[in-house]
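One chain, chain A, appears in both complexes that follow, with chain B as partner in the first and chain C in the second.
Here is the complex of A and B:
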């Protein structure tokens, strides 16, 4: 069978093609090229049709639309990390992803749709209540990131849809805490990551917490956050979090370490906030 | 030129410019590619290998194609070139699948079905008779006389380590006019020659081995290229075309030799703050074939008392046979395992006795003229007290700051030897190095040795030695990658012997050539190795001078440990080195930096687990090695202590810089946490268990 790889010139052309056949979308390719690796010098294992999309300029760019940021799906991770528009709490996690060479080509949309359990943008976007726009020939729909992601490598995107942009509500957070732990200090996949965002003026007014790389899907507990904000019951929140964890031992770390250290770090930060 | 002149490495430009031709870059006419069909079982009988039909471009090369012996000769001959009827580890080569088109080879391999009768594999080091390869033992004094003294016993474990050379393993075999030619990335061209002689039953004239630019090796290309050379030689003979075998990175990580995991028990008998005796037991996991493992074990047990004089000793060691991956050479060669155990033990006992770890060590230091653990004599000057004094001065010891701005701060020390050259009388009895210097009619001087540049600086070091001995500019020295048709066997590029042993032979040859330097005709000088008369070795009983000479290092590591995440940051390594006289200070610094980084990875980061005999950490993303962000400030000093047998006084340097790093860091972490550590790497996951216990 000859493979019909395509490189459409416009989003519309892409959507038309996707309406007729299943394409694997190739944006930066930083995950796909590894997943399709083959003996060096042999053809990579692209056995299904590929649509190369990185040339679609309309899917690129960071805009401040007043009440939210609009991020094109093909915006690179490095563009996020070095954006003059975005606040630090958004740039910092992107800056700690992969390496500069990877960030220069890897995309915002790719990290979301890949839906790896170690995808470092996912806890951040979930904590920010970010939404994604999925487009097909039939139109577009909007889904919160937390609903889009089912679990490890699985999303609710349909095969004829493409994620075109991410909508991130603008919040006046007064501070944040981001911690990524890996087997070494840089250029490494996460064993766990924690994002904690808050608005604290006279009192603590808003608080978001998400934990990545522990479960198959990042853990965020909005109801428990609300209770914590209302009651200041740290132990209660940490207990809920602990009950939500379902980690496992793997090549990067252990269940015991991930869960113990996540809880300890969050407890430490919460104690500072509630003191 | 003079040996003290500052030079640039002769090989850096072409490597940095990308002009260097590695084996994968070199074109061959009608080149065929080979891929290895590997066992998927750790142990079993092969009942049937069914190959698909309809692939005219594909040739299978397997045990049926053996010409003389199905043996990879490397010290021992127990490893087959291709599995013949049985497999003994996951990844063992059953066949090479050879063709012109890589996609076709892959398609063919998808259709292969291997039927096994599974056996019962062994993954742990078990004392049952059939699981033992070799046992070694030596003693000193009378340990039994120490009955009743206080004792301290510790059991120490070290993991696999992967060499992770940048260039993967690779060779090309070609047959030209009846001569089998091997080109490839390797450390020991004559090991490959000897393996081919044995496998093919060819005379040496019909074998040619050429080392190509080698992108790192660290011991990983000491024994392994012999396996690939035997396999591809058989393939090239069968298809009558050149055959390239270059591994994928994952294949290389999973199926080539690693550093031996070890399990070491040390029991010290002490009185009034001094160790009077030690009972030591060393176990290493060889995998299914012995290969170099008994030699590794010997260095491990002969290194076990380190820099210390212990009057009464019982030291034993075992090489275990398992169905894990086959292990081999790696920078340090048994030393890193022993010295992690010993140096951890010394710091633990010092802490238990409430004394300073450096003072405690100093009490036990060996001195010139004293007997070694095997009853040889330390002939050279030993300056351990002076090195310790320098270490203290440069690090501000013992007034070390404990303020880590919220992080726990700890310090650890290690004072370690490394014996240069082959163990015992190996240089004289087995290697018998020969070197040649040739002055051509255009007045260029050619270094003819079989030692290779593999990133460590051999091209520059040996060229500098010859140029300095002759007092000519380095531009007049020509030293090319060895081709066994042109160079004599000066031995393997291993055991930190190249500068010290081969360099000395070249130095002697240069002095003999000096008077003939201005003659117009060609001049050739040949030098043979002779062991100094004051050294003697009894291999049977491991008695006498275990090494030609010792190099020394005194190290202090500073670490910071995050009290919540238990992440370790090594902030500083202070090191004082005695390598005799450094042939080149810049290159010595390079060795120090590389040794510290590789030792740091071994001590606190590099994790390699095996599950049912298969390495799990098989890629750059899971097998984490240090990056620049993890590298501490490295503070280096050296003590000039010329070695009478070395060229310009030089001793071994390459391995010394690695062997003490892991224990210095591990004991620093133990110091920061106020706990004892018995296992590397000191991962936060393991520290969590230590802290919770």
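Here is the complex of A and C:
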């Protein structure tokens, strides 16, 4: 049996192929190669046609466009972690993902489109109001990351579309808190992760909070954040958050641990911020 | 099957293979470069690490489609460099090798670390080797070896 794997040399060639058949897009492959693993020495058995896209240089690179950062979908996680352009609140979560050898091939777009509940870039991008650009032969459309992600492993990307870039608004945050908890310090899938971004001058002017790996999709409550900012009602915000949690026991952690620890860590950080 | 061309240890190679075949299998089975080991086969242990265009990668996770036109350096190629000799001497001096199975990957990761950070502290060493698992040593002698290698004068 011959599988129709393709390796187009340009984005246009890829879009033309995707217009006529369903392809599984294969970028760095750090998720797909493992999902399809077999015995030693065997080729990975992909039942569906694969489009290898990692060679598409036009989908690579980090640019500062004044009011936002433009990140090519095939930019590696290590390029994010070590970028001289990006601020620490963006670099730090990427640095804590996986390990160097994986970050060197795993891509920004792959972590988004894979849409794992433990994808560590998702809470960060949701907290930053990041948008993605999806392109097909028919043209482009832009979607906030929070709308793109439906839930675990499901996105609103259509089968003839490819995520080409991520647009991250630039903000003058004065500080951030990032905590990722797992069984060990490095090379782990998160039990939970918390990103908290803020701008505090005379008063607290902006505040974003997102929690990853608890629900199937990261939790962010923009309306509750606004109320918290206006009223300083910590207990009210934490109550909203705890009502939004719908975790479950699994091999990595328990519902009780994830939700209790998330609330405790956020409470601790908020108390510092509002003191 | 597709004809693919790439470079291994400074030599051009062309061979016929599936695009979804792992670089690890091509190195070991087709090219006889058995210094690169298979441990977990899922990117956790680091025994299969090589450099791809200079970047440390797990060759068990890289399909041949992503190697076309690129340059691969394995432990065999790395062992001809001065950077390698310095790391090897430090590993021997500290007694950092027991069964040895993880060592090709450990040495590749050590090389990558020292290239980006020539004088790492203990935390940076742990971070740099966090993708490599060793079941013999308990890591302490390996950390010492990396520290020793970082203190040796680089001989050009």
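One rule holds in what follows: the second predicted complex is superposed on the first by the 273 of 275 C-alpha atoms of A that agree within 3 Å, B and C clash if a C-alpha of one lies under 4 Å from a C-alpha of the other, contacts with A are read in each partner's own complex, and residues count from 1 in each chain.
Following the convention adopted for this analysis, a contact is a pair of C-beta atoms (placed from the backbone, for glycine too) under 8 Å apart; a residue touches a chain by one contact, two chains touch by 3 or more.
What you see is a predicted model, and the numbers here were worked out from it, not measured in a lab.
Engineer: Identify the partner contact of A:65: answer first if only chain B is touched, second if only chain C is, both if each is, neither if none is.
Structural biologist: A:65 contacts neither chain B nor chain C.
Engineer: Go through the superposed model and pick first if A:54 touches only chain B, second if only chain C, both, or neither.
Structural biologist: second
Engineer: For A:150, decide between first (touching chain B), second (touching chain C), both and neither.
Structural biologist: neither
Engineer: A:40 contacts which: chain B (first), chain C (second), both, neither?
Structural biologist: The answer is both, since A:40 touches chain B and chain C.
Engineer: May I ask you to decide whether A:7 touches chain B, chain C, both, or neither, giving the answer as first, second, both or neither?
Structural biologist: A:7: touches chain C, not chain B.
Engineer: Quick one: is A:251 in contact with chain B, with chain C, with both, or with neither? Answer first, second, both or neither.
Structural biologist: A:251: touches chain B, not chain C.
Engineer: Go through the superposed model and pick first if A:26 touches only chain B, second if only chain C, both, or neither.
Structural biologist: Touch partner of A:26: chain C, not chain B.
Engineer: Which partner does A:138 contact after superposing on A: first (chain B), second (chain C), both, neither?
Structural biologist: Neither partner.
Engineer: So, does A:186 touch the first partner chain B, the second partner chain C, both, or neither?
Structural biologist: Both: A:186 reaches chain B and chain C.
Engineer: Once the two structures are fitted together, what part of chain A is touched by chain B and by chain C alike?
Structural biologist: 40-41, 43, 185-187.
Engineer: Can you list the residues on chain A that touch chain B in the complex?
Structural biologist: 38-43, 179, 181-189, 251-254, 256-257, 260-261, 264-265, 268
Engineer: Considering only the defined contacts, which chain B positions touch chain A in the complex?
Structural biologist: 33, 35, 102-103, 105-106, 246, 248, 564-567, 569, 605, 607, 609, 616-617, 621-622, 624-627, 629-630, 684-685, 688-689
Engineer: Show me the residue ranges of chain C that touch chain A in the complex, using the header's touch definition.
Structural biologist: Per the stated touch rule, the residues are 18-22, 25, 29, 38, 41-44, 46, 49, 52, 55-58, 60-63, 65-66, 68-69, 109, 112, 126-128, 130-131.
Engineer: Which bits of chain A are touching chain C when the two form their complex?
Structural biologist: For chain A paired with chain C, touching residues are 5, 7, 26, 28-30, 33-34, 36-37, 40-41, 43-44, 46, 50, 52, 54-55, 78, 98-102, 104-105, 185-187.
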